[in-house]
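Here's the structure we're looking at; comments come further down.
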């Protein structure tokens, strides 16, 4: 892990009328890290992702990706730079096959053989046997893997995952975690929003906690979970004796 | 390799054979080649009246295909597409009448005008989505019709006549400006449109990007696709084609009026043809175009009334949208099965539990 | 102010009264059924034509047919709604857009059927009210029928508002427009109220049509104009924002009146459509920004 942040925000702010969804969030992730983002519902996590990736125009602050100021860039430009992201609701391109889904993705100009790359990714995710199937009618799990596959076509240096294990059975969850670790070992940075704390604990190098639009604390999961500010953020929810929200 | 498919009853029925054929890599080439040959030879067996009908059918197949590009493949239901047909016609008319130029430059300028207008309109309008895009394009087209009715250069409420002399074409044609001649022009334009659709939208990365925009625009954008540019390119392409057809139509029919060539019925028909045939498929506009066109012509002939095709088209739109939203092609390739339609009808019947 | 100016203004306000009826219904359908009804102008035409045909056949005064037309089209709309609902829900591609396309089909069918059955000619609706006029000294002379129409417009708007805001049924409809899922969870019979809403809309719009037919005439092609008007009102007000529609309906009436008197009527429709287009591009949530977002 190097010290140069691959993804950084400074006082990132996003407002919707009177509601400040992201309130001067400063945040920095090093290359090769797996960073978790947790926080109660409505704390601004998905809004944060949208602001990072250009789907929302920030009202203030900056986003720096790999040293470049990408604040306010259109999403496709940020994607082409190497930052991929998923959405909370999985949505493959339903009328196309799995292979076509991957083919539609923009790939770097220096990629010689797109088909080979597609085959590689299909194999890696173990979905090569359904390559010619239409995406409509695929199981939820297969759709999640396809989504990951599409992002990998971008050859991203950083991947933002929005609740990757939501609604996923334990076997698939394990598989996804395995893929994340494997990719991380090859150098891909991950920023993961999760509600499942066991997943966070298992895979994240450190977590950032958002509450009411603000970055309230950061650090390794086991330290953060005991932080009184975090408990307070989750107040009103049940917590077990160790302070980990159930 | 194509697998042998059997249908539900375990026999190799028609659908199974169709599937087996379309699964072949070179199915397209055979189909297209056969179509070229058939269309080239067809006029030899037809009299002037039927040649005219065939000509009309070809034009509508091409027009439907052009709408299918933006409506079916890109998923942006353009309710003002017919305006470009009219624009093409009027630009050609203006070029030939006011500038005294022959048809060929008229055709080219119609294409250029269509492209320019589509670009100017497309940039702001494609930012709208769904219903708003539909309403905006509809309003734009109606505004264009009103403009043509007011302006002197388009003949106002009187319409515009185009030159009829054979010399107005620009290069000498054997046999003059006969129905057969126009038939071949339309056939060429139509075949070209279908071929272009196939190459650009079904079999290229650009086509996959267009369909990605349709299936999930946000996801497409997040995967590095410049959705703004892709939309604009498809839109301009589809509008240019409509303009070219309008140009040829105007020259053929020699008299155009805003209420005809800029009327909403042009768009209505394009939409129903594609819907009936199958949105976003390559054969959909062909099947739908032929069906609707022949239906409307036949109904005029056999049901006596010259306007009865209107309510018929209305009913067709409603039926297709209600029971077979994937169109005829959807029925043929199994996307909508008999069971689906039955289920559809049942669900609809349930909705009448109102009291 | 000259008498002509005042007269034009009041005529415009009178017209606006009936336009509001059309606009409000149209806006309600968008809110409750989430459908942009391209057939709105055809309901007007159907009402006008029903009036013309029935007065000719029955020999009654057109005004007496108003409640008949209302009930007739309420029933028609009530039973058309399930089809519309079916098209906009369920597992199909682009459901809401399909609803729009379906209404396009209704419009084409209605226009085509009337044209085919009754021919292209314009008809008028006979009524004793069409000949009289009310004179207000110093202000102007106003045809009785326009005053009655405006009175109907205001009355129907008041009744409509009362129904929406003071009755259980109206509350149910508003709940559905606000949040369909929760409305269903509260045990509201969505289907029934959606049918009531669409039936009321069809009935009201057709009734507005018979009044318009009384003021002007009835012709199979008249629908497009009123579809344009409805869109104009609703786009300017912002789709789904009812109070704005009332204002833009009045604006429409006044503008139409003034343009007809002071400017060439040629440019009216071009301006209307161009305005709809421009407003959609520039401020899709309406001029006041209160309508639903366009993306």
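So that you can tell them apart, the chains are marked A, B and C in the order they are listed, and the count of residues begins at 1 in each.
Just so it is clear, a residue touches a chain if its C-beta (ideal position, glycine included) is under 8 Å from a C-beta of that chain, and two chains touch if they have at least 3 such contacts.
In this text the structure is predicted, and so the values were computed from the model without any measurement.
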From the centre of chain B, which chain's CA centre is farthest? A
Please indicate the chain closest to the centre of the assembly, with centres calculated from CA atoms only. B
Hey, how far is the Cα centre of chain A from the one of chain B, in Å? 42
Roughly how many whole angstrom separate the Cα centroids of chain B and chain C? 32
Intercentroid distance (Cα basis), chain C paired with chain A, Å: 48
Chain B to chain A touching residues, read off their complex: 205, 208-209, 211-212, 214-216, 218-228, 280
Residue ranges of chain A in contact with chain B within the complex: 53, 55, 74-76, 79-80, 84-85, 87, 91-96, 100-101, 103-107, 150-151, 153-154
List of chain C residues in touch with chain B within their complex: 36, 38, 78-79, 82-83, 85-87, 90, 92-94, 96-98, 100-102, 104-113, 115-116, 191-192, 195, 224, 228, 231, 235, 266-267, 269-270, 273-274, 276-277, 280-281, 284, 294-295
Spell out the residues on chain B that touch chain C in their complex, using ranges where they run on. 75, 77, 79, 124-125, 127-132, 134-136, 138-140, 142-143, 146-147, 149-150, 264-265, 268, 271-272, 275, 279, 305, 307-318, 321-322, 325-326, 344, 347-348, 351-355
